[in-house]
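Structure first, commentary second.
Per-chain residue numbering starts at 1, and chain names A, B and C are given in the order in which the chains are listed.
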């Protein structure tokens, strides 16, 4: 329970951080930075909960996450250039891959619990994993990166969600399914990224 | 029941197809093509269901639609140029007009059933008919075509929704109202398109 | 009850008006003008209600608002240039500041009523106050103005929402909290705007 909490916070921080960077590169003010970070960190999970009609939203029951991003935005505006120098791109990609894995598997598990059919559940996993970044790019007036850069990203999430669904169907204990599938997504993402694999 | 099913699938396919074409013209990868097609085909109905708080969403109870688009996206990526040569623009416009009519009337009927006042019901019809395309264009970083090209499109949907509302008020059997109104929207769209009518 | 009604209508009109102007400057047709005005006027409140899962939506129970904007859009398309000459920019800013104050406080009050924790309630206030404009700019394919122009806007809303939350906690009568906080937001916005204050 403690490890999943740490991973979740890490995933949210990574989402927020990529929001900070994109908002800053668009020369947004501190309010813009906070809002873009917030949308990036919570957008995917919020859309999933709206589609599933699940309330209260997860960031509503955990207001500490929203407060955390608020405080970080106050710090981020003046220091983002310095922070970016310390945090290498490699570290961002690793953290982002962990976030993609965790968010995706949480999404597919919650969709199954809500009684969704399997293909829809796998899509809810992908939506949870990627839509924060899609919304970030829409607000920043860009074509969402995940739709156009040709790198496997949503595909990793999709494959991992099916791995989870199949393992669970095969009777593997749920906890084990979750951890291995989330890890598989992260590894799949990192390996393809590192090798420069491209989609058609 | 069988004819409405065929028309519904046709409408969804047309939506997906216009998503394929726009995603491809933005040089998106196969994942982008699937997501844009999905948003275009189901965006209008999903927004309507969220506004009406209707769950489960229609594409959740019919996962075969989502699977269909998924399979088509796999095929579409390499073959879209060839397909586009076979399918003439005229055919796309006709199919799209049929989709506009069907989706709009389904939207207004469902809104009435959910107890909405009449003007709101007519707007729900328009939203169901046009918002898939609006979301497609937002994701593709364009000003939505329906808002700016000056061709009657939302207007056709709006007029047909009111035709439905008035006929129903006048005691005409519901089935007959639906078919004639949906057809009226399609015909209105095709005639104005063919004659090059423009709004102010 | 009567004064809040007048202010609410004024706020909606101001939102719609800014939608008219932006849609027109993008050369949209009359349908586009209506839809953008509608999204600007009702977008913030609609997003709040979706996040809180509150139905029916406020513009559904008050269809007269939607009809009003519809009629105005019919008038606005040909006359917007003339109207804009009569309505000075100063008047728009004043009306917009009143709208920001009113919408924000309505948002925070409804979120509290729905049992949200305080920080989330303050964010719901800001969302209700600013998201109409954010959605308007997304549909018009711009980076949302509130995120990037460096003027205090969301910040005024945020400060006023906390003023409301603290006063209410201190046992001040709710009515008085609402009016003074909404007024404070408007004044804060107008003073900072007039003095040209900028955020970092």
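As a working rule, a contact is a pair of C-beta atoms (placed from the backbone, for glycine too) under 8 Å apart; a residue touches a chain by one contact, two chains touch by 3 or more.
Treat the numbers as computed from the prediction; the structure is a model and nothing was measured.
*Asks:* Note whether the interface between subunit B and subunit C is symmetric in residue numbering, meaning over half of all numbers used appear on both sides, and answer same or different.
*Replies:* Looking at both copies, the contact residues mostly diverge.
*Asks:* What rotation angle takes the CA atoms of subunit A onto those of subunit B? Round to the nearest 5 degrees.
*Replies:* 120
*Asks:* Would you kindly tell me how far, in whole Å, the mean C-alpha position of subunit C lies from that of subunit B?
*Replies:* Comparing mean C-alpha positions, subunit C is 30 Å from subunit B.
*Asks:* Residue numbers in subunit A touching 2 or more other chains?
*Replies:* Correct list: 50, 53, 138, 141.
*Asks:* Which residues of subunit C touch subunit B in the complex?
*Replies:* Against subunit B, subunit C makes touches at 23, 26-32, 35-36, 46, 50, 53, 55-57, 59-60, 63, 66-67, 70, 77-78, 138-141.
*Asks:* Which of the residues in subunit B end up touching subunit C in this complex?
*Replies:* Against subunit C, the touching part of subunit B is residues 50-53, 116-120, 123, 134, 138, 141-144, 146-150, 153-155, 198-200.
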